[in-house]
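As structure tokens, here come the structures.
The two complexes that follow have chain A in common; it is paired with chain B in the first and with chain C in the second.
Entry: the complex of A and B
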């Protein structure tokens, strides 16, 4: 564990990395912190070919620290009952690698780290879905949590109110997945595939995803054999997740987004308001995305945060080409009537 | 294994030149893939479950496709006529310059998928594994390939990059 890490500067940019190359790209593009996970079920992006070995993590931590950046290890899934060994081992490896903080969701994992590695810094994952002062204070009091990653369902005035009532830092997502489900509780993938987003670490596992192309250029995305959306030849597509599927129902025979639309969060224009509300760190979603995405998004938000710190208007480039469905929203942060 | 898609076939009348082109490219592509494999052995761990899988990569505007099998001990990359695609586990189709940028870490595959500029079929997990393996390579695979062929290779790459607006 790196005990000397300085987390004091507000406006910390927390950036994703699915591979060591992406981590180096994020650091070089101006990330203050980079979050990543191991190649197993201990994190919520347990995708094929993605993530880090213990050796890769250790080398990546050295790379980041040499350039003044921090590494946060995501252990943000829930161990099945009685099978906590993988998560405990991951925490021990993270400490040996010198990570700067752990991002946890499960109370058992938090308890283990707090007891076994009392110097370790704990951040509460969005997967814990802690959105009330009472819930957040509970994690702070019992496990020494120093930062909460808030669910993406709160307005800025609500965040400001929460900040007044909790003893820890706040991190909010500012770009990427819109994430309106009760995070850490969603069982839609489990329902169709038998794999758990929250315990196996994979939402819509690629092994169960197929794309069926029709002669006219239209495309169906399917999960475990069920069609979850169909796109016309020129229509923008989204991820093959059930929550963003389009369904036919007796009252909506034309098909409709029953849960949420394929659209990405982009709070670039709200950064000053978020900082004024007491948000300490800005998180960019996308450990499953490429180096190209990391480079573009991180460098843009780096400039924006630096502009704000210099008292200037943030000048963000157009990132809509990188967004899901090629559409973006400020979601609940702007108004709970965003739909 | 998936059957080839007849929709990606070439215009009629170009069969012989394409066949000859594929034959001529075979030693060149073989050299390229062996070089990349030798320089980036770490990528194979990310694609280990699919190292014997057959990937077909279809550049839309070229008369041939590429057949890749990322086997560490004997990596294979060859050009194949579009009307004679081999059986494949996964197929990736897009503009040639987009595919080049994806391999080079200069474009984002998810964004290209969202905009429908990139089409995938067959085994999605194999495609995701290949994408992540390639994305963990530092530097430019295209540049490495061009360097392999000296000044002529670099000249061709510069022309391609100018066309894609990267220079």
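Entry: the complex of A and C
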């Protein structure tokens, strides 16, 4: 572990890295911290072609540290019984590589790291779904958790209230994919594909995706053969993420977004309010994204946070422009009407 | 292996619940009954008045009664409900959220399926903090169930697996029942009461796949592990959970009891169950490490993932 890591500055930008190249890009673009995972089930973005080997992690940590950035290792899935060793090994490798913190969800994994590597810094993953002061305090009390990544279901006043009652830092998602289900409690992908989000780190996996074109030019986007959405000849067929599909219900025979429309989260406008509410770190989602995406999003958020820290008016329009042309949302953060 | 009845996931009227538990008390061969609102805190007040009498009735009938806590805890009323439950000396409680563990402070309790006790390390940790019994997450495959049961057995705590009923697949902060009716959670008008077995969701080409139950998403088909009961027993699973569906649950429990007692072959039992649950498919994919919705016919044929 890098004991000298400084996590004290509020407004920390926590950026995604699906590959060593993306990590370097994020660091160069101004990330304070970069999060990543190994090429296996120990993290929640276990996608083909993504993630790090032990050697890559070690080199990446050196790259980040040389430039004053930190590396957070995501070990945020739930080991099924009999396979706990893979997660323990991953933690040990992370310690040897000198990562600055572990992002964990499973109590067994948290307990192992707290016992075996008492100097290690633990962050509670959003996958632990700790959405009340009591739940957060449980993890702080027993595993020494220093930061909680809050589920994307709380309004800013609710975050402010939570901050008053917990002894650790708060990290919130500010940009990227907007999951609808309580993280760490969703087995929809496993129901349709046989691969589990919690145990395998997989969500609506590309290997199960097909696009079926009909004679009239309409298109169905399918996961494991199930039609998750259907599109007219003029529409762009979206990716078949189960919780963003259109379904038919007795009162909605026309088909509707039963859970949520395919929108991305963009809290660019709310950064000052979030900082005032006591949010310590801002997380950008997207370990599956390209280097150019990472560069653009990270550098824009970097400028905004620096402006806010300097007491200047941030140019929030730039952040808003990042999702221009796409549907975006402020999710639960702005209003509880979202629920 | 003992049969248990899990908590009612749906918003049944107080009268329907009262009648249901009267029959459970008098007629059903289960040893343990889990009570309480696990899904939506807005529903809880409707049955709170009735609870003491229902508990007394079930206990008079010789059942072990366990009160289950909410899966999602975020709002003030949810935090208070969880703390209130955790302060009870009896009956036993089943905790579904870490906020309940915090409030329980190491006193004895059971662990519910929403707490994510997936492995031996977590089970050992929880047992050290007062857990006497663990209900495993519904998506665990047989090898993991076996390893978890072995660990639980060594710790001397009970281990439970859902063997009947819709699979709980996801929870959310948003109410999808309200959404389907153009409302939000705060003005839902309890529209979920219209769907005592969940609101069906079909794909746009007509395949029924999911059910909405307020903030919860469930499977369309029922999990059914009749064939797998002997294997579960051999693994050391101590309790088999039947989730209440809007079917004749007395008869469902009788089928499982007869099967466990060896009075009924699994095949016959499934035929009988099929008659009781007409129109609903059965699934056992999760157990076999396959897509959950699948129905795998023979044990061993696809036992590994």
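Convention: the second predicted complex is superposed on the first by the 313 of 339 C-alpha atoms of A that agree within 3 Å, B and C clash if a C-alpha of one lies under 4 Å from a C-alpha of the other, contacts with A are read in each partner's own complex, and residues count from 1 in each chain.
As a working rule, a contact is a pair of C-beta atoms (placed from the backbone, for glycine too) under 8 Å apart; a residue touches a chain by one contact, two chains touch by 3 or more.
Everything numeric in this text was worked out from a predicted model, so none of it was measured.
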Between chain B (first) and chain C (second), which does A:135 come into contact with in this model arrangement: first, second, both, or neither? second
Using the superposition described at the top, determine whether chain B or chain C touches more residues of chain A. C
Touching partner for A:314 - first (chain B), second (chain C), both, neither: neither
In the overlay, answer first, second, both or neither for which of chain B and chain C A:211 touches. first
Quick one: is A:81 in contact with chain B, with chain C, with both, or with neither? Answer first, second, both or neither. second
Between chain B (first) and chain C (second), which does A:248 come into contact with in this model arrangement: first, second, both, or neither? second
Is A:188 touching the first partner chain B, the second partner chain C, both, or neither of them? second
Chain A positions within both the chain B interface and the chain C interface are none
Which bits of chain C are touching chain A when the two form their complex? 71-74, 78-79, 82-83, 97-99, 101-103, 114, 116, 118-126, 129, 137-141, 143-148, 151, 167-176, 179-181, 184-186, 199-207, 209-210, 212, 217, 219, 285-286, 289-294, 305
Within the complex, chain A is touched by chain B residues 5, 7, 45-47, 49, 101-102, 105-111, 113-116, 119-121, 124-125, 127-133, 135-138
Mind pulling up the chain A residues that touch chain B in the complex? 18-22, 24, 47-50, 53, 205-207, 209-213, 215, 219, 231, 233-239, 262, 288-293, 296, 321-326
Touching chain C in the complex: which residues of chain A? 78-84, 105-109, 111-112, 128-135, 137-139, 141-142, 151, 153-154, 158, 180-182, 184-188, 190-194, 196, 198-199, 220, 224, 226-230, 243, 245-252, 255-256, 258-260, 332, 336-339
